[in-house]
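Here's the structure, in structure tokens; my notes come after.
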Amino acid sequence: MSKFLPFFTDRDVPYTVAARPDTGLYSAKLGIWLFLASEVMLFGGLFSAYIFLRLGAEPGYWPKGLLNVPVGTLNTAVLIGSSVTVVFAWASLKMREFMKYRFYMAITILCGIFFLCVKLTYEWPAKFDHFGVFIKQSSAAKYEEFLGNDFLKEKNEEPRWEVTGHILRAPKGSPYGAVAEHNAEHFSHGAGHGLHLPGGEGDYVIQLDAINAKPNSEDNLRPAFWPRPLSSKTAVIRAEDVESASTFVPRHSTYFATYFLITGLHGLHVLGGLVVFLYLWLPFKGGATLYKSNPEHLANRVEIAGLFWHFVDLVWIFVFPIFYLL
Amino acid sequence: MSTIDSTVRHNQGLAGAHDDHHHHELGFWQKYVFSTDHKVIGVQYGVTGLTFLFFGFLLMLVMRWQLANPGDAVPLVGGALRGLFGPVVMTDAGALTSSGYNVFGAMHGTIMVFFGVVPLAVGGFGNFVVPLQIGAPDMAFPKLNMFSYWCFFISGVVMLGSFFVPGSAAKSGWTAYPPLAGMADFENGHLWLNGQTIWLLAMVFNITASLLGSINFIATIIQLRAPGLTWMRLPFFVWAQFVTAFLLVLAFPPLEAAGFMQLTDRVLGTCFFMPTGLVVGQSVAQSWSGGGSPILWQHLFWFLAHPEVYVLILPAIGIVAEIVANNTRKPLYGYKAMVYALFGLGFLSFIVWAHHMYMTGMGARVATFFQITTVMISVPSVVLLTSLLISLWGGSIRFNMPMLFATAFLPMFGIGGLTGIPLAFNAVDLYLHDTYYVIAHFHYVVAPGTIFALFAGVYHWYPKVTGRKMSEGLGRLHFWGSLITINGVFFPMFLQGMAGVHRRWYDGGVTYEQLIKPVIHWNMFMTVSAGLLALFQLPFILNFFTSLRFGQKVGRNPWEATTLDWDTPTPPPHGNFDKPVEVFRGPYEYSVPGATADFVPQTHRA
Amino acid sequence: MMISHDNTLPSDANAASHVAASVGKYKVLFYGLLALTVLTVGVSYVHFGSNFWNFVVGMLIATLKAGLVSAIFMHLLGEKLTIWRFLIFTGVFVTGLFLLTLLAHKDPIPGTAHSSHSAKGNWHVAESISSPEKNSVSTGSAH
């Protein structure tokens, strides 16, 4: 490392590799656990915000079933897999099997990259082009055919105030005009530009999600595993009946705010882990090359990075159910 | 394993004890700027912290002027301030505006706490002294240590830079309460380039620096103690830093999380802290989804900020303990009880935070819980203070500069602590909350308390850092002047506060003159005292710089102290110790019957 | 006990053989975690009477998974006392953060800003509200 960053010359401090007898630890091991303790508090703060906001949300304002469960499950499995391979990588080093180390580490890195790609190229973008309109409670009766609140009340379920789907037309001056135009073209494919959209300048026109297209269906009472396709039905919502409207971005609701903040921060952790893994995998002086001079030191480094990686996995183990499933 | 064995191994890192490694001379940049040596980093932290303390104090001087002479131009420097800070903060005539008062107030609080006291007490003294006192060649992670300082440095530059963005720096207090803080400072239409947003960014850097630093402290203290230096032989200062570091590691992250949330509230339009139906001006705010909770911010903020007050005070108590033992020439009274009290304090400080939130409408059950824990936490505090007081008993005290400040610390901290007890009870606090009584209470803890202890520390360790003592004459002028004037600043605040004078009033209460008539005249007295207090800092500044050249030269152990920091060459070289370190006894073996000298160093073989 | 002073040797003399023996354990755990993931997804479609109980069941499984990861992958089971000590404190404080904020949330004085931080109406309110104006938490303008 010091080859690249001349300023980083180190004092010769004891117990960087060998353990101190009375604690049984080398210093970095202690350091990483302290760091993880602070991470527990960091994510603890975020999760307590989740609990606080969710419990504080009035009925009908905490969306459910908006995320893609199969994809989430796949990503969970991938992270678990990478946790195993990183342990194998470390074990290989301990047993002084260098080629195996490189192999397992490569798989770990690929898993991490896969996870991030799914997040960034599929999951998040799929949210960004979805749209939701919260209807004022005082106007909800007008939109009963999309909300189905009589049905929900009869079933003793929470009310629904939101209409979701793809936006086809946004009121004049709305920041979502461009998205709407793009969607409208897609919606009318074949029919060409001339397709007549319902509604006027002051309206939101939404191509409905299944749940709003048939709000009185018993299917809606159970969460779906496979995401239901968009219906071809549209709804027209007058701007003055709208409480807030946005694509599924952080500002949409406290639900998406917490979702994006927590998964975003988690994603940054994955990225950080990947950078470290790459460093340890490539022939850097403090990375894979270290094997030649001091394999135990490299094993320690992999152990430290691995501990961090397991923690990232561990956070995901909680993130997955609280946002995707419950 | 034999002790000799472990001594040798522990000292593998000694300068000169190895020759197989890089032994080239370090260049200027590596030696003094991007240094990984804990002593250099300690000095960097210390000097930066001191500078920030004086800057924060100067902000307050301007505010104090405004409080006593509302609307009048600041004398002498009004024009210059107008030029420097711009029209948001100063009028053309050179008087502080109401926004300017908010800016200075928020920045005073933020800078004093996060950029002044903590960097000096933990980053400065902790870095310099802890490795020396435990007989280590350096911190456990020297690079991380350097990284921590530069992270802090960036946070300082960003925070100071925020004075110069459109609309000036943050105005929402050091507590940054939403919903106000969530929507303040957008007048100029900049999403990022505005006071409150930059405040949050700077805090994220600051918190990161603190976290890295404190992880390093804990690892160092656990891993690098010299052979024979068992836990109960640690100097009390090391214990204090140890517990402080734990408070930082565990309490800061929730605030970092909250900081991220407020940041997204401001730049992404989320509503973590923005409630539904918020009325801004005349109408319900429409542009956001609502559903958030301002109370959530308060919980996360105070989850840090209460432990933070112990972060401000524990290192100070540690410094005072060292100096008291050294200058009474007696062991500390109740050393073990003090250590346990530290842990009690540390533990309890995590479960008292909502005593800052009685006004939020919490119900009786929860308020009772927090009242009980708050009252409980006063017990270990009293154990610490009483032990220090009893330590004075029967000693033949040397009143040198460090000891003067340390002695003054005790009653000042006592006043601060005892006036806090009424605030623990919500019935009383509902009245006193947000009045100058509270301001007086915590300033007695942090100003004549912590700051005095930090001065004591500067006078005490200055010789170790520089090889020279600071002047006693200038020191005494500094001490007596500061002691008298600082009480003149803060004592009348109790009177005003009990009469109902509210904090954060920018006109000193003129608007409510009829209500606070009997106490409003104190404003002038306090402002004059603050001005004099500023004058009495001049001897210190002079002393600090001139002693570098003209101070009396000293050897290894000018104070005849027992702990390891005084068992090194002065100033300590790269790697710290010039002989293998092994410890044979407790930290404060002064006036041991039968010993030849009145002190027995920890390295003295039995 | 012989302790190595050499910075190139493992801290534990027989570490390598130890590690080799554990590899099988890691494999089993991998399949176990996958199974638990499937279980989490599965039970989320079973109705346990109320949302609350579904949440409890989900969290129990997640905690079990987290426990396994930390105990075995992160070697917490055989970890040194020093680390356990401060992890226990961390656990206590993070629980305190959860529970106490929750408690404060559940125990407001009625009618204060505290209890109406989300003032969107419930069924009863919704029916009686005629104007779109909701109860409001008000604050002055920014200055």
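Some observations on this one:
Here the chain labels run A, B and C in written order, and each chain numbers its own residues starting at 1.
Keep this in mind: a residue touches a chain if its C-beta (ideal position, glycine included) is under 8 Å from a C-beta of that chain, and two chains touch if they have at least 3 such contacts.
Owing to the predicted nature of the structure, the values given are computational and were not obtained by experimental measurement.
Between B-C and A-B, more C-beta contact pairs are found at A-B. When every chain is reduced to the mean of its C-alpha atoms, the one closest to the centre of the whole protein set is B.
Our note on geometry: chain A versus chain C, Cα centroid distance of 16 Å, whole angstroms. Between the Cα centres of chain B and chain C there is a gap of 33 Å. Chain geometry summary: the mean Cα position of chain A and that of chain B are 38 Å apart. Residues of chain B in contact with at least two other chains: 1, 9, 218, 222, 250, 254, 290-293, 296, 299, 303. Among the residues of chain A, those touching two or more other chains are numbered 21, 23, 25, 30, 34, 37, 41, 44-45, 48, 52, 56-58, 61. Annotation for chain C: residues touching 2 or more other chains are 3, 5, 82, 86, 90, 93, 97, 101, 105, 117-120.
If you check the complex, the residues on chain B that touch chain C are 1, 5, 9, 98-99, 179-180, 183-187, 218, 222, 246, 250, 254, 275-281, 284, 290-296, 299, 303, 347, 350-351, 354, 357, 360-366, 369. For chain C in complex with chain A, the touching residues are 3-12, 15-16, 19-20, 22-23, 26-27, 29-30, 33-34, 37-38, 40-41, 44-45, 51, 54-55, 58-59, 61-62, 65-66, 69-70, 73-74, 80, 82-83, 86-87, 90-91, 93-94, 97-98, 101-102, 105, 117-123, 126, 129-132.
Across the interface of their complex, chain C is touched by residues 16-19, 21, 23-26, 29-30, 33-34, 37, 40-41, 44-45, 47-48, 51-52, 55-61, 69, 73, 76-77, 80-81, 83-84, 87-88, 91, 94-96, 136-140, 153, 159, 222-223, 225, 243, 293-297, 299, 306-307, 310-311, 313-314, 317-318, 320-322, 325-326 of chain A.
Residues 1, 6, 9-13, 18, 21-22, 26, 29-30, 34, 36-37, 136-144, 146, 211, 215-216, 218-219, 222-224, 249-258, 260-261, 264, 268-272, 286, 288-293, 296, 299-300, 303, 574-575 of chain B touch chain A in their complex.
If you check the complex, the residues on chain A that touch chain B are 6-15, 20-21, 23, 25, 27-28, 30-31, 34-35, 37-39, 41-46, 48-49, 52-53, 56-58, 61, 134, 244, 246, 249-254, 257-258, 260-261, 265.
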